[in-house]
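Here's a structure for you.
We just call them A, B, C and D in the order they show up, numbering each chain from 1.
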Amino acid sequence: MNVPALARGGVLTVALLALPLLGLEHWVLNLLIFTLMYAAMSSAWNLVGGFAGYPSLGHAAFFGFGAYFIGLWFQHHDVVSGYEPFVILPLVGLLAALVGAPIGWIAMRTRADVFAIVTITLLFVAQTLAFNLDDLTGGAQGLAMPTPPFELARFEWPFYYAMLWILLLSMALTYLSMRSKVGLSLDTVRADEDKALGIGIHVQGVKVLSFSVSVGLVAMAGGVWAYYETFVYPQFAFDPLITIGMVLMVFLGGRATLWGPILGAVILVPGQQYLAYKLGGSQLYLIAYAAVFLLIMLLMPRGILPTVADRLRRRRAVGTSSDAGPPTAAPPSAGAGSSVPVPSGGTA
Amino acid sequence: MSALLEITSARKVFGGVRAVDDCSLSVEEGSITALIGPNGSGKTTLFNLITGYLGADGGEFRFRGRDVTGSDPGRLYRHGLTRTFQQARVFPHMTVTENLVAAGGYRWRDLLVPRVSRRDRARAEVLLEEFRMTHVAELQAADLSYGQRKLLEFAAVLMSEPRLVLLDEPTAGVNPVMIETMERHIRERNGVGVTFLVVEHDMQFVMRLCNPVVVLNNGKEIFAGSPADVQQNPMVLDAYLGT
Amino acid sequence: MHALIQGLILGILTGGVYALMASGQTLIFGIMKVVNLAQGAMVILAAYFSYTLFADFGVDPLLAIPLTTAVMFGLGVVIQLVFLRPLKREDSAQLSLLVTFAVALLLEGFMSVTWRTTYRSINTDYANASWTLFGYQFTVVRMIAFVLSLVSLGLLFLLLNRTRFGRAVRATVQNPMSAELLGVESKRVAALGFGLGAATAAAAGSVYGLLYPFNSGSHYDLISELLSIVVLGGMGSVGGAVIAALIVSTSSAVVATMFNPTWSSFTFFVILILVLLIRPQGLFGTVERGAL
Amino acid sequence: MSSGNRLRRRVLVAATSAAVVILASACAGTASTSTSSSAATSGTPSPTTTAPLVIGASVSLTGDFADSGKAVKAGYELWADEVNKKGGILGRQVQMKIVDDTSSPTQVVTNYQNLITQDKVDLVFGPFSSLLTIPASQVAKRYSYAFIEPAGGGPKVFAQKLDNLFFVQPAPVVKSGDVYADWILSLPKADQPKTAAYAELDDPFSAPIAENIRARFEAAGIQTVYKQVYPAETRDLTAIMSKVAAANPDVLVSGTQSEDAYSQVKSLVQLKFSPKFMFMSNGANSPVEFPSKVGVNNVNGIMSTADWYPGSPAESSPAFVAAYTAKYGGAETDIDPSSAEAFSCGQLLEQVAAKTGKIDNATIISTLHQGTWPTLVGNLSWDAIGQPTGSFSLIQWINQKLTPVFPADVAKAAPVYPKPNWGG
């Protein structure tokens, strides 16, 4: 069962790698860059918010961290090839992960709602610092970067591949954790943290690990974003709406699933950017957006993937019940979050 | 016999209420000790103190001769001290096997091994066999009956080969057949050297299975002795009827 | 010294308004375990109601309060029934966070269509008046706002402590399960409680509109402050929220007057994080017995 | 487990491909409709082309900058109407394509990418705010489009050193307060203030103005007795104003936007402190909002700067005002200067076309770099990186009316000083 999953991943990777070669127009690539960025960040957020069940609202703090890191790097280095920021990207991720570890360790002493609020506070602290440490960050004047010296025809390629790389890294890490004891531990933490503590799960350890990896990935995305925009500003780099975007996409696609966040991003980012471009002039934009959002939450509270998978599973279970026979052949689990009553396999 | 668990002067106060008040008690190695007392006498709080879920306001806890005051539940678990909860707490959206594997008490470096490795599966299968749950191994815990879930929780804490298991009302909400099953498993495990401390309201169950019986009232130990003695002790009767 | 005292006066007066806004939020959390991200938007909506009544009909914002309160109460009940009641799942806490955020967006969209995005302020003829006492300035609007907040909080206190409904609410806050056993209809309490939370937003909104200019986007600033106050005071504790509001507003006013306004919000966040490190349940939150 | 997962993934693949298909078809649909216009307009358009001249602009219609964004949109559209009434540019009807950037830097990049490479508009105009102008101008530069922008004059805009950018206001933000310093320093030494306080909003359009004035004042020996930068979210300026009052300066120089300016005045009124000279970079130049927010009796004597204002001496101003009120209603005093600045962008295009007989980006860029161009906001000329080289007008509230008072060539009244007390 591992091989097809990896094969699917491989096909997707090759397809995404080949996409720019098809001669797509600049505006399509531009849209893909932002889609990949949010897909990567949602996938990363999912490690904490989905798998560990800790709804962080402060991830944009690390997005801003990455953005400012790249911005500040340019203050001390000249651009030669233009690829330098991509080369130092792993360093950005690593640093953010290191900074994130103690923050996660402290923040994750609190649970659910309080955690959400503590993390959003963290975001405002980071924003305030970016504004106030103006000797370092340029404060309210913002920080401008040199124009990336890439030729026009392939201008978007480096950014596209950098975002793709972060997405693939995030998905690979998600896949690995799902397949290992890390994922098992996170599942127990999400379901019942006190119980997990009582059966010797390294609760704090896996929580901090997932937080740290997650924010490292988000910081890298922030770095690429900053370079693409060539300008960082505290309010834009530390924007609560960036976190909200990640959260929404994960909830829309399906929490604690490998593909859910990516699906959410593929629907929401082009949807949002394209709608704003096409009908943004209409005042009803925000109302329509909120209404769609509410409908999804009320109709598919678990997200698209788990809901649809469940419906199919149920239909299938009905279809095959005639030859299913013994109760032990009850439908297999759909992973996390199932609430569909399945006939119990008898009592002892 | 020596004391596996020894508590001296444990105290816990909730907003002025002394839930556990200068309580001392010991559990002998190899025993099935019962902890009984009227509602609100502090049994569950004491459980939470012993297993590290709550920090005590005072007192000393020794387990296997070592001072474990202030240890967290995970550490105690890895030392061999574990518990079940009043309402069976299993992980509903994980399979029965996964529930067992998760409780396997693995180490840091095991985090990167597969979710359910071949070795884990083998270990889980032995327990499932013993608890006659092999046929539900791949079901989600949410799909089990309540009794089965209690059994699963019990089986899961045995994955780490504990020395002392604290059972919080193992028979509550369970049908009579399941009570017997539970009783049999406790006896079997006790037979191979596992010590039990049981909070239970079902007195017949306690009288059949446990010795000694410790009685708690108002957060204090008021009596400890054989089941027969408990029934005749006026202080115990008073505690149950008086308040 | 003069600046310090002036800062303290300012902080305490402003604190009253924040206390009122946060009391609704913490009440809703206490009753329903819902972090209401729409509380800020409800305050701003109420401010707009007051603004319209004042600008178009000449109704003084203070006199408008009973009317806006009734409207907001109804709106709160409707929001609870339509959007929150259907969420009956184990993870409804997380979901309700998102749903109330969506409600906030919905209200924001509605407000930006109805009143556009220009900043509005309620400019009564006493807007710029102030009294000088012992060399310290007491702004009339602020005094009114403060007194009004105290009165509203007092009414809330009476409602919670002296009425059947209030007892049911308090029972639900303390222990939903046993409240249910004692015959409290938790569903009704939840709907009415949400309405009550929205109603406090009405009074707070009128006062807010008197003090500050606002537009449809103002709720973003509000909500982060309100959340922090609620967490600092202990989720679900009305008294805690009042004290936390005073701490927040005096600490930021004092830092702004004594040192530097650019660090004033920062100071408060630091206080919040320190408190949470020592007492994760907040200042007045309690660890429930048998919570495990 | 395994079959469940497989199923789940199949669903995913189906859903993803569905989404991609929908997206792709949506894009294809618009792409095909826009190719017709792009085929006609791509390349260097010959003067004989009669296809409409499509000008794209992204402005903030929602979000933080929505108010000003809408004013900019009104200005662009008004100009397009006016120029079309006159027969368009070089016989081509002007068509504005205005899209919303939701005040987001990500969206603004997407919008200019789409305008230029998807809809292949002929020309672009700028968004509102320096913060969005910077990333947007980078996109325009990449495709060698001229970037005529009405509202991005912050220091970092020019730090990019773009040769395709033209800021359509009389002076860069940093220098927009210079006219006040000029006036103060032109006073007889005895009349000049001796002490100054500065209260500055921390953003690229406010604090730098006050800072620049402070540098000039300090060089001239005016002592700084208080200076405070405050963050944008400060709702309450009472604390800062009470410190200003305590410092008792002769002149208060405020780097403000709008709400904070009103709040400053209200606090000063409440504190009963009235300085002898008072300058506010923005907010106080709003003809209707300012008196309504702070009270009509509290405005007199306060100074600010402006490029276009009601009663502006610019030649095209009366026609602009007539057209504006005809199209949008309201009075002259309801017109936001941002609309005039946006309108001026269009005026520049008309002049370039009239002068060269061509209207392509290369021509616009090279032509605008030479000479002086009369617009609603004054006679504009630029240095190599798009910084305008003129100066703003100093305006003052006199008898509850905004009146230009300095420099002499625009002045309609003599400046009043010291400032009358509140309520006067």
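Annotations
Definition applied: contacts are C-beta pairs under 8 Å (C-beta built on N, C-alpha and C of every residue); 3 or more make two chains touch, one makes a residue touch a chain.
Please read these numbers as outputs of a predicted model, since none were measured by experiment.
Of all chain pairs, the one linked by the largest number of contacting C-beta pairs is A-D. When chain centres are defined as mean Cα coordinates, B lies farthest from chain C.
Of all chains shown, A has the CA centroid lying nearest to the centroid of every protein CA atom.
One inter-chain figure worth recording: chain A and chain C are separated by 32 Å, centre to centre, where each centre is the mean of the chain's CA atoms.
Between chain B and chain C the centroid-to-centroid distance comes to 45 Å (mean Cα coordinates, whole Å).
Each chain gets one centre point, the mean of its Cα atoms, and the points for chain A and chain B are 40 Å apart. Distance between chain centres (mean CA atoms), chain B to chain D: 71 Å. Looking at chain B, one finds that residues 53, 85, 95, 138 touch two or more other chains.
Shared interface positions of chain D, i.e. residues touching 2 or more other chains, are given as 1, 62, 202, 231.
Residues of chain C found to touch two or more other chains are 112, 262, 265, 292.
Interface residues of chain D facing chain C in the complex, by the touch rule stated above, are 62-64, 66-67, 202, 228-231, 233-236, 238-240, 242-243, 246, 258-259, 262-263, 266, 269-272, 292-295, 298.
On the chain C side of its complex with chain A, the touching residues are 29, 33, 35, 83, 86-87, 89-91, 93-95, 97-99, 101-103, 105-106, 108-110, 112-113, 220, 224, 227-228, 230-231, 235, 262-263, 265-266, 269-270, 272-273, 276-277, 280, 282, 292.
Listed in rising order, the residues of chain D touching chain A in the complex are 1-9, 11-13, 15-16, 19-20, 23, 26-27, 30-31, 61-62, 98-102, 104-107, 109-111, 113-114, 116-118, 131, 134-135, 138, 141-143, 154-156, 159-160, 202-204, 207-208, 231-232. Residues 178-185, 187-188, 191-192, 194-203, 205-206, 327-328, 330, 332-333, 335-339, 341-348 of chain A are the ones touching chain B in the complex.
Partner chain D is touched in their complex by these residues of chain C: 2-3, 6-7, 10, 14, 112, 116-119, 121, 123, 127-130, 132, 137, 139, 212-213, 217, 221, 253, 256-257, 260-262, 265.
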